[in-house]
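The letters A, B, C, D, E, F, G and H name the chains in turn, as written, and every chain counts its residues from 1.
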Amino acid sequence: MKAQHLEALLADVAAGRLAPGAAMDRLRHLPYEDLAFARIDHHRALRQGQPEVVFCEGKTLDQVVAICERLAAASGTFLGTRATPAMAEALQRRFPGVAWNAMARTVVLAAPDVPAPTAGPVLVVSAGTSDLPVAEEAAVVAEAFGTCVERLVDVGVAGLHRLLSASDVLDRAKVVIVVAGMEGALPSVVGGLVAVPVIAVPTSVGYGAAFGGLAALLGMLNSCAAGVTVVNIDNGFGAAAAASRICRA
Amino acid sequence: MKAQHLEALLADVAAGRLAPGAAMDRLRHLPYEDLAFARIDHHRALRQGQPEVVFCEGKTLDQVVAICERLAAASGTFLGTRATPAMAEALQRRFPGVAWNAMARTVVLAAPDVPAPTAGPVLVVSAGTSDLPVAEEAAVVAEAFGTCVERLVDVGVAGLHRLLSASDVLDRAKVVIVVAGMEGALPSVVGGLVAVPVIAVPTSVGYGAAFGGLAALLGMLNSCAAGVTVVNIDNGFGAAAAASRICRA
Amino acid sequence: MKAQHLEALLADVAAGRLAPGAAMDRLRHLPYEDLAFARIDHHRALRQGQPEVVFCEGKTLDQVVAICERLAAASGTFLGTRATPAMAEALQRRFPGVAWNAMARTVVLAAPDVPAPTAGPVLVVSAGTSDLPVAEEAAVVAEAFGTCVERLVDVGVAGLHRLLSASDVLDRAKVVIVVAGMEGALPSVVGGLVAVPVIAVPTSVGYGAAFGGLAALLGMLNSCAAGVTVVNIDNGFGAAAAASRICRA
Amino acid sequence: MKAQHLEALLADVAAGRLAPGAAMDRLRHLPYEDLAFARIDHHRALRQGQPEVVFCEGKTLDQVVAICERLAAASGTFLGTRATPAMAEALQRRFPGVAWNAMARTVVLAAPDVPAPTAGPVLVVSAGTSDLPVAEEAAVVAEAFGTCVERLVDVGVAGLHRLLSASDVLDRAKVVIVVAGMEGALPSVVGGLVAVPVIAVPTSVGYGAAFGGLAALLGMLNSCAAGVTVVNIDNGFGAAAAASRICRA
Amino acid sequence: MKAQHLEALLADVAAGRLAPGAAMDRLRHLPYEDLAFARIDHHRALRQGQPEVVFCEGKTLDQVVAICERLAAASGTFLGTRATPAMAEALQRRFPGVAWNAMARTVVLAAPDVPAPTAGPVLVVSAGTSDLPVAEEAAVVAEAFGTCVERLVDVGVAGLHRLLSASDVLDRAKVVIVVAGMEGALPSVVGGLVAVPVIAVPTSVGYGAAFGGLAALLGMLNSCAAGVTVVNIDNGFGAAAAASRICRA
Amino acid sequence: MKAQHLEALLADVAAGRLAPGAAMDRLRHLPYEDLAFARIDHHRALRQGQPEVVFCEGKTLDQVVAICERLAAASGTFLGTRATPAMAEALQRRFPGVAWNAMARTVVLAAPDVPAPTAGPVLVVSAGTSDLPVAEEAAVVAEAFGTCVERLVDVGVAGLHRLLSASDVLDRAKVVIVVAGMEGALPSVVGGLVAVPVIAVPTSVGYGAAFGGLAALLGMLNSCAAGVTVVNIDNGFGAAAAASRICRA
Amino acid sequence: MKAQHLEALLADVAAGRLAPGAAMDRLRHLPYEDLAFARIDHHRALRQGQPEVVFCEGKTLDQVVAICERLAAASGTFLGTRATPAMAEALQRRFPGVAWNAMARTVVLAAPDVPAPTAGPVLVVSAGTSDLPVAEEAAVVAEAFGTCVERLVDVGVAGLHRLLSASDVLDRAKVVIVVAGMEGALPSVVGGLVAVPVIAVPTSVGYGAAFGGLAALLGMLNSCAAGVTVVNIDNGFGAAAAASRICRA
Amino acid sequence: MKAQHLEALLADVAAGRLAPGAAMDRLRHLPYEDLAFARIDHHRALRQGQPEVVFCEGKTLDQVVAICERLAAASGTFLGTRATPAMAEALQRRFPGVAWNAMARTVVLAAPDVPAPTAGPVLVVSAGTSDLPVAEEAAVVAEAFGTCVERLVDVGVAGLHRLLSASDVLDRAKVVIVVAGMEGALPSVVGGLVAVPVIAVPTSVGYGAAFGGLAALLGMLNSCAAGVTVVNIDNGFGAAAAASRICRA
């Protein structure tokens, strides 16, 4: 490890085995940033069981398996998003404990002996059934990051009663992730009902002037409800990552 | 009148004063479409008191006054939208009966002896105080077109209780015009609460990614509520014109 | 039912079986919005034979069949839009009475004993043959919603005579739905010829700078004809839903 | 109060002064949502000293003063964003205790006897000097919402050393708000350095292909760093509102 | 024919078989526009051998064949654009004389005894080999419309000498159609070299920020050369139609 | 003149005053393109009275006057577009014969003894009164380029009869320039009525989703009428330049 | 050669075999630009071993082979970009020495006896593994153009330490090509670390609001680092061509 | 200096005054990046006379003066871009040696005893007179950065002869900066004429579909000429910074 390298160097200077000028030269070329990120890695170590994440889209099956093998060897755990069924199958052959969520397109190898999650709960709210894949990605990732998750589905704003009757689950959330396509109005309504942070996820659900999620994205960015922040279109992973950071904050 | 011209021509043919071939030639070049639009004008005559409309924006004060004088001479009434205070003042000097609505930017010279409106009511709902100029334009125009108007203001979706407590006024509307900027989510919510046509008017209220009303426009076009149709950004006039047609349908 | 729950609660209070404070608590958490939408459901009940609508695009064949079975069990009727031939076949196997319109991509299970439609007529006008699928979707949906429908096809603005010779059918319409792609100019021309509401449907027909229907959409939103409102690109369903609301208004 | 109305109604039923059926009717029309939002208001009451917020842009001086007077009378405190110098001057004449921050364009009337903030700290990081007005708006609002705030300015990514040397302040933040225009790359870099939630605020700083903040907005939405969420262009207020919710979560 | 109907009507009036008032009524409902377009059709008759045009894209093979059969029966000629090989094959089976241009994607059934074209020449200039399908569509259509055509290929602006050495062919053109993708700069250069009308056709050739031809389209619309007009992306047909009108003007 | 330079050089070679190799060197560096454009200039000379054109927008008053003085000295004539009243006044002080058209924003110094124009006529059609400045620019420029001009104003598609009754003027045009804002539908309708080239000029007239003329531009590019070509938004000059080239073709 | 033609012509004039006037005529029509580009070709000849480049995308296999055969015959070398495996296979059958890089999609036939490259080095930096195809295209092209290339991969800004530890390779580069998708922030960071020209290549890597590389493109154009220039999305070839020109400058 | 701090620390360790563990802690928090950028600053020192640059737009007069005073005190030189006349006047009062270029909007305080520039020349080519401010900014900045500059103005592609006759100046350039608005075609043409790097600068010159420089930007990004790279709209400074880096490469 780099920290050990540095300690050894300083010990050499203290013992007179290395002149200060020579140490100076070596320090100048030492990849200093490793120090900085060893610190960050230390932070990561404190969060037990949080797997490294592999974005599988655009990678070959072989690449995905190779990366997951390296992660499993290093930490005993990994999380893959946007995985294909073939990738899931290959990983399950290699690691029998891998959990595959077909709707969320996730593969998870849980770390052994992970304590049950206590942070949260994160509430994942989705507007329509077509938004479920993105909502499930958010839910699976948040769980893999060690937070409790609750779900509230099919509560689009054109039928408000479905949302309003769910005040209990809304009230106990620590963070709410709201997943919606088309006009993306749901985060504004939820943002007015709760007092906790709301993370809005626009989806590419819709057609025509939905422009692949642009309409929902713009709607959410212009939300008249305070406390709403937004992630990229279809980015359930990003919402879950932010929600987990909030639950740990 | 063109109809009289045609009658005279036919009478000439019947009386032998004009050969069929010569009549054929004259008919071929007669501005036939005037016949068609005399019919449409007749429709207009049936709608008592509906004034001709002048879009004042981009016209000079002199042009606006001249056009209004011509309309007043022909029909005793006019309606101007997007008028400036100076235009209103000039018109009021010329026509003491002109009503100027500073917020709606409208000038109205009511026809004499217009019966009280019985169509409607049209309900004009607005999301925020900044949307009021567009909402008022819609309201004034709808009234000038002979429909009753009711108003519901400041009922944005981030505070649903304000809208939900107005079920009485929502229930008795024949058409609802919903005016909203920013994310433009209000028409979807209203569309889920009522069973009558909803006309959505996006406004240019907002900043940044509101892109001058584009976000609200896209949101409304992608509304998940059935029965919602949309007009141009800030087009209170167009919404009122459509609502009046609906009330007369 | 929720209304029954509330009646029972009030009866308990009246009978002294429940203290007002305890009733207060239960009322506070009662899903009040069910009351609101029971009212709306009552409205729906009044509209005999109007089927629930399933947007099939993006759903699996199994999901579509399951939803339709639930709807058929509850109401004896359903309407599906954007259905694939495979979905239609599966539904027809399950419900022999299902009508499949391949051009409109609709499946309809008509309610038994529905009276013949009397509302309307809604006139569906289309600019070119490529616009027919969207126009047919509008026509089928409007019929399923209980309105009479008439059709006027292939009357694009580059050959005005085809439209102008159809004054009879234009004159008797209660609402006109105008379906057009490319430059989307037809609603403006129709809007100048009729005195009833015009609902414009831009289609994704075209190429290059048509940008998937954007050109037609913008054209329609900027129509110089009063009384024209617009729905999303290719949204024949939405136009029909709005037209049906207008016919019932 | 509505809760009192409901209690009285139930007492009337219990006392036999009101039949259950009549109570049923009145309950059906009672603005039920007030119950829901009384609860929310109660939440607000628990957050001592948090002022109501007035978005001054697009309002007249008289409107702003009138709204602030109403807020001050109700709660002894208010916060106005996007205020003009003239608004600030008028409010300071009326309320000598008003604090005016010219760069942030905020006016604050602090509630009396507000305890010193303990939540946070929120760290507000800005890329360039032109981003300071948005950053200051975020800082002032976060403070008004009861969170401690720290600032880190002029640490754009073209000179990384300025940011990397600030590890102390980065390490102790509970939330980081990152404000940047032009290419908006700073949130990605910060997101890789810290383990807490990062809220990215694109600004309209830049020219040409910055397109009024669009370039920065898109960059932030596509951040390769996990845990970054985004608000509207120049929306310092929204970032602070979300950050405050996070600190209280 | 409608003209005959009108003549008969006038004869009836002249003969006293029809009262002027009854004639008036029938004239009011006569589809007058047929008169107008009979005139236009007469214009078409004067242009010997110009076939009707079928835009095949988005039509089924059966539809294309049916339409072409109708056209061939009426006029002995047709022109189809954007035809697939299967359409061409089917048409050639039905009409052995059909000419299929695979690059231009056109099918032409020439009218018998068409005189050799004398109008023009139209010069079709293309920037790169990938622009050839659009250029060929323009060339085939212009020939089918009765104009002489010359071609100049692969003369993109990055190698000006290829264009500059073709001054002879440039000089004798009556109209120049310039087809280019990517940055679409060629029409500006050609527009500065010739004194005749230049019709610019942007193509969808390119990638990335070409945005499907948008870059070329915008470039051509902003041409600094006077006398350049523009048609839709990939619209070789439209350019040829306009060029043919110019040659006949 | 360059041609004279070349003749002298060749004469020197013929006379032995210049060795072929030295001539070769001088030819290699001779600005050869001047030969090419001397030819073009010769073309220009043939078109009597056609002035050089100055685009005044973005130039200072002094620059405009200086350029016009140079043009007047060289050719006795100039044409300036987008001139301000101050520029017009300054030019009229300097050249009493300058004609200033305030609506078209043009300044013209006519060449002495220009024969009356015989080419054309070019018909300039405009949809609304707000389109008149662009239409007038086209008309003035076309006249300055030596073509006869006719005008048809206020014939928007929402009132077709105004256009249809103008068949005489439509029939005698050699080219039609159609100027329209908002949805830009007029060129399609005109294109279906005439057999000559139609040049469409979108204007920035409109608001909201007109997006500064983009809606009209896209509509015109997607015109379903053959023979329509398009120029830049508000580019009356460009349309006139192309129309004049067509009339001379 | 054209230069020889000119020499012969001048010799004829000197010898009296050609009159100056006749020479004048022939010179006027001589493709003068060939002189200009013979000079440019000479420049190309000076750059030993630089192959002509074939953009294979959108060309048929036969076209690609034919073009490459012509190039190989003329110069013994060629370079093809965006080649398919089938193209590579066909070319390798025809030219056994062809090198196929599957990731870069390039085919190279090296010129015989090309000296080892001495220019550069060009450093190609890529942000993520998905950016590698574009980065490799840049690297292969730069090598084919005769410059030394070094590579630095997977150094995205969310993990700065990977970049900062590579100061050696950064320091010795003569030009840096930075390839990145998503938010495209890497060129700004690199631009702040080096003192040499930086060429930024946005890639289409990403999803949602990446809009096919638009986000990265806008980010790079707005880079706050001086000395960064940008090429088209995914244009590794263009970056390498520019880098090679810089190394030779 | 930081390097001195590090040397002192190592000396302390060597001397036993500081334990290795304590040194380890201090090193961990030492702002390591200052080492990295001290190196970069050293690079800057090697480039004699290159001033620091102040982007004045959006800064107050006082801010600009204060920053320039600090720069002058540190280095005896500064360069300000986008300065207003008032800023220039204030700076000239404070520093009599300041050179103000009104067209380029630059203020330069030259370092004393700067040797005459030897790098380059950079050739700045501009398409039209309206592009001159951006071109001049590029020229002034390049000179301030120590490179020789040549200028070629008003050589737009619609009159190619003006460019082609300037082969001498094109041939001797080491880098060419091409500044153009409207369709932005000039860089493609120049890129085909020279063998050195071309930096394209789109300008916001134009109107309508120029969209503030977007058309020129897209055109340049899609240039068919190899070796062209692009900077932001109107970014003359950025082009000069890159060109200077190239000249020093």
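FYI, contacts are C-beta pairs under 8 Å (C-beta built on N, C-alpha and C of every residue); 3 or more make two chains touch, one makes a residue touch a chain.
If you're wondering where the values come from, they're calculated on a predicted model, not measured in any experiment.
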Interchain contact steps from subunit E to subunit H (minimum; 1 if touching): 1
If you walk from chain to touching chain, how few steps can bring you from subunit C to subunit G? 2
Out of A-B, F-G or A-C, find the interface that copies E-H, where copy means more than half of the contact pairs are identical. A-B
Which is it for copies subunit C and subunit D: same residues on both faces, with over half shared, or different residues? same
Between subunit A and subunit G, what is the gap in Å from one C-alpha centre to the other? 39
Centre-to-centre distance between subunit E and subunit A (centres being mean Cα positions), rounded to whole Å: 55
Centre-of-Cα separation between subunit F and subunit C, whole angstrom: 50
Residues of subunit A touching at least two other chains: 32-33, 36, 159-160, 164, 167, 193, 208-210, 214, 217, 221-222, 226, 232-233
Chain-chain contacts as defined at top: A-B, A-C, A-D, A-G, A-H, B-C, B-D, B-E, B-F, C-D, C-E, C-F, D-G, D-H, E-F, E-G, E-H, F-G, F-H, G-H
Where on subunit H is subunit G touching in the complex? 33, 36, 40, 43-44, 53, 164, 167, 174-175, 193, 195-199, 217, 221-222, 226-233, 237-239, 241-242, 244-249
Using the touch definition up top, name the residues of subunit A that touch subunit H in the complex. 3, 6-7, 10-11, 13-14, 16, 19-21, 23-24, 27-28, 32-33, 35-36, 39
Would you pull the subunit C residues touching subunit F in the complex into a rising list? 127-128, 156-160, 164, 182-185, 188-189, 191-193, 206, 208-211, 214-216, 218-226
Given the complex, residues on subunit B that touch subunit D span 129-130, 159-161, 164-165, 167-168, 205, 207-210
Parts of subunit C lying in touch with subunit A, wherever the complex brings them together: 29, 31-34, 36-37, 57-59, 63, 202, 204, 212-214, 217, 232-235
